[in-house]
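Below, each structure is written out as C-alpha cells.
Heads up, the next two complexes both have chain A, just with different partners, chain B and then chain C.
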Partner chain A sequence: MRPSFFHHLHPPAIPAAQARWRHTLGAGGTAVFLMLLLGVTGILEMFYYVPNPEEAALSVQTLTYHVPFGGFIRNLHYWSAQLLLIVSAVHLLRVIFTAAYKYPRRFNYLLGLGLFVLAVMLDFTGYILRWDQGICWPLTTGTNLIKTIPLIGGFLFRLAVGGGDACQTALTRFYTWHIFALTLPVVVLGVWHAFRVRRDGGIATPPARLFLDRTRIPRDELVRREAAAMFIVGILLILLSVFFPAPIAPAMIDKPSLNAETRAPWFFLWVQQMLKWGDPFIFGVLIPLGILTLLALIPYIFPQPADSDIGRWFPKSNRLAQVVVTVIAIFVIILTLINT
Partner chain B sequence: MTNLSRRDFLKLARDGFLWLSGALALGGLLRFLDYEPNPAPKTEFDLGPADQYPLGSRTLLTDPPAVLLHTESGFSALSLVCTHLGCTVEQNADGFICPCHGSRFDADGNVTHRPADKPLHSLRVEITPQNTLRLRLD
Partner chain C sequence: MRRILTPSSFLTSTLLSAGFLLALLFVWWWNSRAPTPIVLTPTLTGKPEYCLTCHADLPEISASHPVETFGCVTCHGGERLVLDKDLAHSSMRGGANPSDLSVVEASCGGSNCHSGSEADDRHHIQRVTTSIQATYAGAIANIRFTFGAQTDLSPHYGIHAVSDDKTQTGIQSLLAFDPFSESNPNIQKFGEECLTCHINATPREGDAYARQTGCAACHTPLRLPSNSENLGGVSRRDEGGGVHALTTAIPYTQCNTCHNRGNYNLRTMTFDERTDHSTIRLYDYYQPIAQFTKCEYTLDCIDCHTRSEAMGDGDIHADQKSIEYVQCKTCHGTPTELPLTKTLTDPNDLAFRLAFLNPVIDLKLGDTILVTEKGEPLWNIRVLPDGTYEMYGKATRQYFTFRPVMGSGCTQTGEDQSSSYCHECHAVER
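Moving on to the complex of A and B:
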C-alpha cells in the first residue's frame, strides 16, 4: 500500500511494546483527537457566537435551539473539553506510574504539564463565554482570587479581565484568551510535545540492552489502532452529546438573580471547597500552585527511577513519586466529592 | 577586559541588543495589556425620595447589593458584597449567608462564620438638598 499523508506522520515501524493499550492507555493519542475535534466544533460555534455582553447568551441560545445541529455541535465541544481534562489527567498519571518522565524525557514532561494547565484555563474561559446566569459568581470569585496575589495581583487581574466589574466587562478578554491567546500556545506546545516524543526515542520503554521483546509493528497497524481509538471515543462523545446536553442558563440581566449558580465548574470544585476554609490567597492560589510546582519538580528532585524500570507499571525505584501523585489525586477527588 | 577579542565583543553586543529589545518589547506588551478600556464601575447611586423609606424600615437594594436602614440616628447602608471573594450575600433569619463559600454575618454585618474575616462594609448615605438619598461606595 502506498503510504498516505497520515501514515507519514508516523515512523515506518515502532516497537510493539510502545503501542500496547495496557502500556499507554491511549491517553495521549485520545487527547490529540479531542483537541482536533475541539478546534473543528469551536470554529463552527464561532459562526454564530456574538462576543458582546448584551448578545452573547442569546447567541448561545440561538446556536443551541435554532441552528440545525447547533446544539449537537455545542454538546460535542462541551463534552470533548470535559473529556480532555480527564484524559490529560490519566495521561499524567500513566507517565508517573510507569516512570516515563526520566531524563531525556523530563523536558517533555514539563511541556505536557504546561499543556494540562492551558487545557484547564481553556475549559474555564470557554465556560465563561456562555455569559449567562450560571457564570457570574464563578467568574467573580475566580478573578477576585487573582487580585489577592500580593504586588502583581491587580496587574494580573487587569491582564485577564480588562478591569472593572468582571461580570460586566470580562467577555472581550475571555473571548480573545479562549479563541486565540490560549489556543495558539496549545498548538505550539502540542506540536512540540509530539515532536519530542519521537526525538526522545518514542514512548518510554526500558533501554534496548535490557529489553527482550524486539517485535515491531508497522505504521499501518499503528494507524489502525489510532482509528479504532478515535472511533470508540467518537461514539462515546456522540452518545454523551445526544443524551446529556451541555449546561445553559437564562441570560444575565444586570446582576444574577438569587437562584443563580454558585458552584464552581466541576474541575474547580476542589478549589471552591478549600476556599471555604479561609484565606483566599493561601487556599485558592498558593496550594494549587504548590501542587503544580511539586508535579513539575518530580523529574528533577525526586529519587530517579532505575533505567530498567522505565516503562514498567508501578516500579519500586520511583515509589515516592507514585505515592505523592496518588495522594494529590485522592486529595482532589475527595474535596470534589465533599463539594458535590 | 583587555583580552576581549573583536569577535567576542561583537557577539556580546549582538546578544545584548537582542535581550534589550526583547525586554523593551515585553515591557511594551505588558503596558499594552494593562490598559482598562471599560469605564470604572459606578460609585454613586440615587435612591429616590427619602420619605420612600420610613423610620424603622429596612430595604433590600439590588443595584448596588445593599441593605438600607432608617433608624433614629438617620440613614445608613450595609453592603451585601461578601468581603471574602465578592459574591452577594443572602439574607436569612440570623443575618446574612454567602452562597459561594458559606461565610456568615450577623444583622450588623459582623462575621459569625469563616471564611470571611472582615465585616460587611458600611456605605455612606447622603441626603441631598432635594431630600433624595444618594448612596456612595467609596
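Moving on to the complex of A and C:
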C-alpha cells in the first residue's frame, strides 16, 4: 500500500524512544490537533458572527442558541483554545525539563515561544469578540496596560485598539487581529516550527554516538498513535463542551458597563493579581515581559546541558533552567489561585 | 519495516474510535433534548424574541398590551435570543416586576407610553413618583417633627429624591430620606420598621400584605375579593406566586394589602398587625371606632377615589389630606346643589379612554356623567333621564342607582359636608 498524504507528512520511521508518550507527553502533537480544530470551528463560527458593536453579542447568542449544533461548535472552539494554552505550557515545560532546547534546536525553541505568545493573544482577542457585558473590564484594563509603556505606549495602543475608548471602537481591530493578523503568523510560525523539528533531527535525543537504542517504528504506527491521541482529546473536548458551556454574558445595553464582570480571563488572572500591588507598567508590563525574555534567553545564557542529557527528564546539567522555570510556573499558578 | 497491527493495538484503536463515535452520538442526543424554540416578532420592535419558548402558556397581561404588539422584552428587558434560563433572565428589568420604580421609566416610560405629556394625561410615571404613595413625605415629615428633627410639618424628605419644576403646591423637591443619618433613635426605628407601605417598599411578610412594587403594587392584584365571580379581566395568582396581569379594575382587596392592615404604634415605633380575619366586608375595615355608610363598604375604593387621589396629580404633596378631596357630596350633592356633571361631546374625552380600559359601562357621545370638583370624570356614573344616577362598580361591575341629596328630606347645611356629618344619620353600626 502506498503511503497516503497524511502518512507522507511524517518521516518514514522514527526512533521508538521518541515516539513514547512519556518522552513527549504528546503535547506538541496535541497542540497541532487543537489548532486544526480551532481553525475548523473558527471558520464555522465566522459563518454567523457579525463583527459590529450592535450585533456581535446577538450574533453570538444566535450562534449559541439557534444554529444547529452552533453552541456545541462554539464550546469546542472555546475548550480547544483553553486546552491549547495548557498543552502549550506543558510542551514548554517538557522541552525545558528534558533539556530539548539545546543547539541546534534553540532557534526552534524561540519559534515555539512565539507561538505560545500568539496563542495567548488569540485567546484574549477571541474572548473580547463576545462583545457582551463580560468583556469590557478586561478589554479596558488589558489595553490600558499598553498605554503605560513609555514613549511608544500611545502608538501601540492605537495599533492594537484603533484609538478612542476601547469598549466602543476595538471590535473591528480585535476581529481583524483574531481572524488574520494573529492567525496567519501562527500558521507561518507553526509550519516553520514543524519543519524545524524535522530539520533539527526529530524529537530531541542525544547524538547517535551516545544513543544506542536503534529500535524504530514505522510512520503508520506513528499515525495510528496520533489518531488514538486525537480520539482521546476529542472525547475529552466533547465532554467538556457538553457539560461546561463557554462563558457568555448579556449583551451590552446602550453604553458598555464596566461593572458587569471585573475579572480577567483565567490566563491573565496572575497579571491581574500583580496589578493590585502597584504601578501598572511595572507589574502589568515589565514583569510579564521580563519573564518572557528570561524564558527566551534560557538556551543562550544558561549553562548548556550535556549532550548525553538531551531528551532525558530532569538531567543535572540544566538544573538551573529547571529551577527558574519551576519557580516561574509556581509563581504564576499561585497568583492565579489567589485571584480565583 | 512495515508492521501488522497487533491484536491489542487493534483493540485499542477500535475501542477509541467507537468511544469517539459514541461521544458524537451523545452530542446529537444531548442537542435533541433542547425544546423547540418559539419565535415572536412584536410589531412594535420588529426584533425576534424567543421568550415564548418557555412562557407560551402565560396569559396576556392586559388587553392594552397585546403580546403580538409589545412582545415581552419591551417591558421586561432580558436577552431576547437566549434559550438558557439564567442568561435570558439576567438582564431583566426589576426581576419579575419591570414596574418597580427603580426601573419603571425604562420599562413603562417613553413619550408614547406612560411618561407622555401632562396635556394628554399620559404622565403617569411622573405622577406616581411624585405622589405621596411613593414619597411617603407626610409620614416622614410628621415623624421628624414629632421627634424634634424639624420645626414644622413641611416636607423635606421622600423615600426617594424627587423634584417637580412646575409645582402647583409650592413643594419643588424632596431629598432622599436616610433614617441612618438621623440622630433620634425613634426616627431611625421608624426607618427600619415603618417604611413598608409606600408603593415601592418590599411589603411585610404574610399573605395579607402580598403585593408587588411600583405600578404593579396596585395594577397587578394578587388577591381577589370574595365576590370575584363578578370580576372581569383580573387573573388569579399563578402557582409560582406571581400574576401576569395589569388592570385598572383594582379591587378593594388590593388596597387592603397596605390599608386596613393594622396600626403604627408610635411609642414602640412598630407596626401592630391586625389579628382578626373578617370575611364580612363591613368588618374588613380596621378602624375600631369608625362608622361607615353602605356605599363605603359596598363599593370598591376606586369607585369613589379618583386616579389623581390614588396616583398623584403630578405635584409633590405634603400629606394625604392635600391630595384626597372626594367627599359624599361629590356624587350626591348637597341639599341646595346637585353634583357637578359633564356632557360628553368630544370623542377624545378622557372619560372614554378610561371606560375603554375598563369596559364596565358603554359610554356614548352625548351621555352626561358626573365630574369632581377638580373636573376629574367619574366616568362610571351616568345621569339618567329622570335626574337620578346609575353607577357601575369599576372592579365588580355591580349596578347601582342613587338619588341626589337635593329634593330629599336631608336637612344638612351645605357647609358641613365632611363624611362625619353624613355618618350621623347614614352610618351602619358595627
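In this text, the second predicted complex is superposed on the first by the 334 of 340 C-alpha atoms of A that agree within 3 Å, B and C clash if a C-alpha of one lies under 4 Å from a C-alpha of the other, contacts with A are read in each partner's own complex, and residues count from 1 in each chain.
One rule holds for everything that comes next: a residue touches a chain if its C-beta (ideal position, glycine included) is under 8 Å from a C-beta of that chain, and two chains touch if they have at least 3 such contacts.
None of these values were measured; they are calculated from a predicted model.
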| item | value |
| --- | --- |
| Touched partner set for A:A228, first chain B, second chain C, both or neither | second |
| Contacts of A:L36 with chain B and chain C, given as first, second, both or neither | neither |
| Which of chain B and chain C A:K276 touches, first, second, both or neither | first |
| Partner chain in contact with A:A251 - chain B first, chain C second, else both or neither | second |
| Touching partner for A:V188 - first (chain B), second (chain C), both, neither | neither |
| Contacts on chain A seen with chain B and repeated with chain C across the two complexes | none |
| Complex contact set, residues of chain A against chain B | 137, 140-141, 144-145, 155, 158-159, 162-165, 168-169, 172, 254-256, 258, 262, 272, 275-280, 283-284 |
| Of all residues in chain A, those that touch chain C in their complex | 12-13, 58, 61-62, 64-66, 68-69, 72, 133, 216-218, 220-221, 224, 227-228, 231-232, 234-235, 238-239, 241-242, 245, 248-251, 253 |
| Partner chain A, residues of chain C touching it in the complex | 1-3, 5, 9, 12-13, 16-17, 19-20, 23-24, 26-27, 30-31, 37, 50, 79, 81-84, 87, 90-91 |
| Touching residues (chain side chain B, partner chain A) in the complex | 30, 33-41, 62-63, 65, 84-88, 90, 99-102, 114-115, 117 |
